[in-house]
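Structure first, commentary second.
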Amino acid sequence: MTKASVRGPGVLALLALALLGLVPAGAPASSFRRPVRTYWIAAVPVRWNVVPNEHDAINHVEFKAEQTTFETVVYKAFTPGWGHELPNRPTVSGDNDGIPGPTIRARVGDELVIHFRNLDIETGRAHSMHFHGVHYRPGSDGAFVPGFSGPGANVKPGDSFTYRLFAGPDSAGSWPYHDHSPSMVDSIGGGMYGALSILGKHERKPDREFVVFFESQLGFMTIDGRAFVGNTPVFHARVGDLVQWDVLALGDDHHTFHVHGHRWRAADGSSVDTKTVGPAESFRIRWREDAPGDWLYHCHVEGHMERGMIGLYRVSRR
Amino acid sequence: MTKASVRGPGVLALLALALLGLVPAGAPASSFRRPVRTYWIAAVPVRWNVVPNEHDAINHVEFKAEQTTFETVVYKAFTPGWGHELPNRPTVSGDNDGIPGPTIRARVGDELVIHFRNLDIETGRAHSMHFHGVHYRPGSDGAFVPGFSGPGANVKPGDSFTYRLFAGPDSAGSWPYHDHSPSMVDSIGGGMYGALSILGKHERKPDREFVVFFESQLGFMTIDGRAFVGNTPVFHARVGDLVQWDVLALGDDHHTFHVHGHRWRAADGSSVDTKTVGPAESFRIRWREDAPGDWLYHCHVEGHMERGMIGLYRVSRR
Amino acid sequence: MTKASVRGPGVLALLALALLGLVPAGAPASSFRRPVRTYWIAAVPVRWNVVPNEHDAINHVEFKAEQTTFETVVYKAFTPGWGHELPNRPTVSGDNDGIPGPTIRARVGDELVIHFRNLDIETGRAHSMHFHGVHYRPGSDGAFVPGFSGPGANVKPGDSFTYRLFAGPDSAGSWPYHDHSPSMVDSIGGGMYGALSILGKHERKPDREFVVFFESQLGFMTIDGRAFVGNTPVFHARVGDLVQWDVLALGDDHHTFHVHGHRWRAADGSSVDTKTVGPAESFRIRWREDAPGDWLYHCHVEGHMERGMIGLYRVSRR
């Protein structure tokens, strides 16, 4: 991700103009000085194993690699100008492993420039990116509607498109992005989705951030594209850490997110330890960690949990 | 809809008495001066086409009229005294098209008198009306329970019943009404449902109001009884409009409502662009429109979207 | 339930220490003076009839006892030291009938000591208790994870285990508890679940409290283990009562809770009369009763309502 500034009046002035209807909200205005964050993200064919250890440790079921592996297409981040694929840092949740795609990070007030390239040459399918939570003009919507949508909704193999987004004051939070081209349903089922994580203008960065994406692959119920304890992410924190969970879902199912030994405050002040998240819904949870131990996090829909939607959260003492 | 006033102490005094338990909350008290809104609504047999253009434009699927059309019974508004069926104004969302039934409008403090007639003579089924969000005595509940419910829960073909409702301070919002007679499940599946839209005592009317009712008919996933872009309602607004969405659902499924290019503030202050709505749940969204363009609104459960739960929202510049 | 006090600094001091990381939050600290509530709860085999009157009164369907009865295992409360099973007081919702298990009651600031014994000798299955909403050390988590969990997650037939919990300020509310041993899914399907009901430090006890637990048994959709009006609990209140509903769910399905003729205020101030509750979610509703009559409460998912998830709420005048 590259970061730069462009000249002009500040964000507040822009917002004032936007409120007056003189400037469309979310319009990328290159004559204004606001931070620009740039990503280079491609649709890339990969071979993906949903259950790398071929094992459901809780129910003692064994799998074979051919039952748990498939050829698919995912989002991967590249160096500027499509130089080369960025490495995946395993200690950073939702970095560049493939499922989910690279987490797009910004602060309220930032402009986001997302260069997208479709490298899905083999299957010949068009793809796109559609972003939740942020502001954009219709041309950057990335959603296919015959007679209405433009080239960004239907990027052919080998082609590129640049989406321009703006993180408004109402964009703070965690949001999904995903393919919304004509192949949307198959592509999302194959793993073409990721998270946007947007901090408030002056909000403190968390010490730990965990991306939990509920979907299904190959009949398994997955978290970040993997099924069963030992395959799903093991999240680590220490007592005293400011911990943030980005919880998102896509597909056909409603889920309930639960973390053992913990509760959190909802925006309305109520205390919660299990919360529904349906397709394309998302929420962000924060707490100051105070409960050392090895804990489960999982979807509490029992059939989903049994089919893999469960992982480990390990909290060490300071 | 006719409007009138009756004499007596004001609503606040009535509420005070209600709180003291001296007057049942929601009881229609004809000796008090409060506005009365009267509707004449009948259960009427109609022939309904879920996909009038016989076309899924996004997935390029063609249908035949016999696959998408059925005989059913819906709610229709009439002139006072059952003179004649009111025309449907296509520019008014949820007016008198059939699915959904006529939107029942009121303000907090109003009494509602709903005259219902069952004109479903052919199939010989009893019907009723059950209202969410408002106050009423058990006799106006409209829900069949053997041994408990009265005539309003089981209105025989050719018969009539008058429901008396009160919009209390906790009734502001958008709420479903529907058949709750013994034939409830079939009747709701056939389209016997509509919306109540209740403004606060001094709340400003929106410039645009869109009723979005999620259900299913004939195996299609429908919005206001229609499936696929081009059949579902096309909602129109202009930049600067105060826009209101009434989002409701009935049936067996949970949905997630999403509008492209937009976000809204929940009552707890958080920002949302996709929200779960389950059977008989409902919510009301308002925003000041600032994003010109042609946008999609849809249920984000992918299988629902693929089976028709998607429409167009067109915002023009001022 | 026995109640006692132990000596030491107050709860606030303990919390201060907990925040400093010197004392793990929720750790039972027998050297501190705080109220201790003790329960003796066993997994007990029972024969359970989901539809005791063998009748769906609304749809006029008759059943035979062999279609609606099964052998299962439930939680039952005992006198201290496992003397004998406590009687079930039918006027107290969620007392000791079996499904749901005994309601565990506490106030914020209380320590809870739950002695558990597995009397499921016949089937030879291990069982456990896992508690939502409260604080505890990993050893009292009761959830099986191979390589991580201890004896409390896998209590063998004939064995006992003591769980130690703490009701923190964020524990006020209604929460589920359930089996989380390797047999979890079958055990919960068989009825191994119950509610925790935790009052705020100085919160008023309601005049009436109703536990509504949505699950399924034998293909029926159940409330507190029973299906159809006449079998599900009949809740009673009088005008003027402070009424509390504890609404909980487990299993595979999302539900929508609705009470006829009533609405309530959500924590964010909005008015609600139907609310989604997914597996392991829970919420607590309170209102001052002002609507005399015989009302329905039910899950508004139509297929669930048709398969039994419906009951009666009877409000008498003062």
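Letters A, B and C name the chains as they come in the text, with residue numbers starting at 1 for each one.
As a working rule, a residue touches a chain if its C-beta (ideal position, glycine included) is under 8 Å from a C-beta of that chain, and two chains touch if they have at least 3 such contacts.
What you are looking at is a predicted structure, and each value in this text was computed from that prediction instead of being measured.
Listed by label, the chains that touch chain B and also chain C are A. Interface residue usage between chain A and chain B, two copies of one sequence, is largely distinct: under half of the residue numbers at the contact are used by both copies. Between the two copies, chain A and chain C, the Cα superposition rotates by 120°, quoted to the nearest 5. Chain A and chain B, compared by their mean Cα positions, are separated by 35 Å. Each of residues 254, 266-268, 276 in chain A touches at least two other chains.
Contact residues of chain A toward chain B in the complex are 18-19, 21, 24-26, 130, 132-133, 135-138, 141, 143-148, 168, 170-173, 175, 182, 184-185, 188, 250-252, 254, 266-268, 276, 278-282. Within the complex, the chain C residues that touch chain B are 57-59, 229, 239-240, 254-256, 258, 260-261, 263, 265-271, 273-276, 290-296, 300-303, 305-306, 312, 318.
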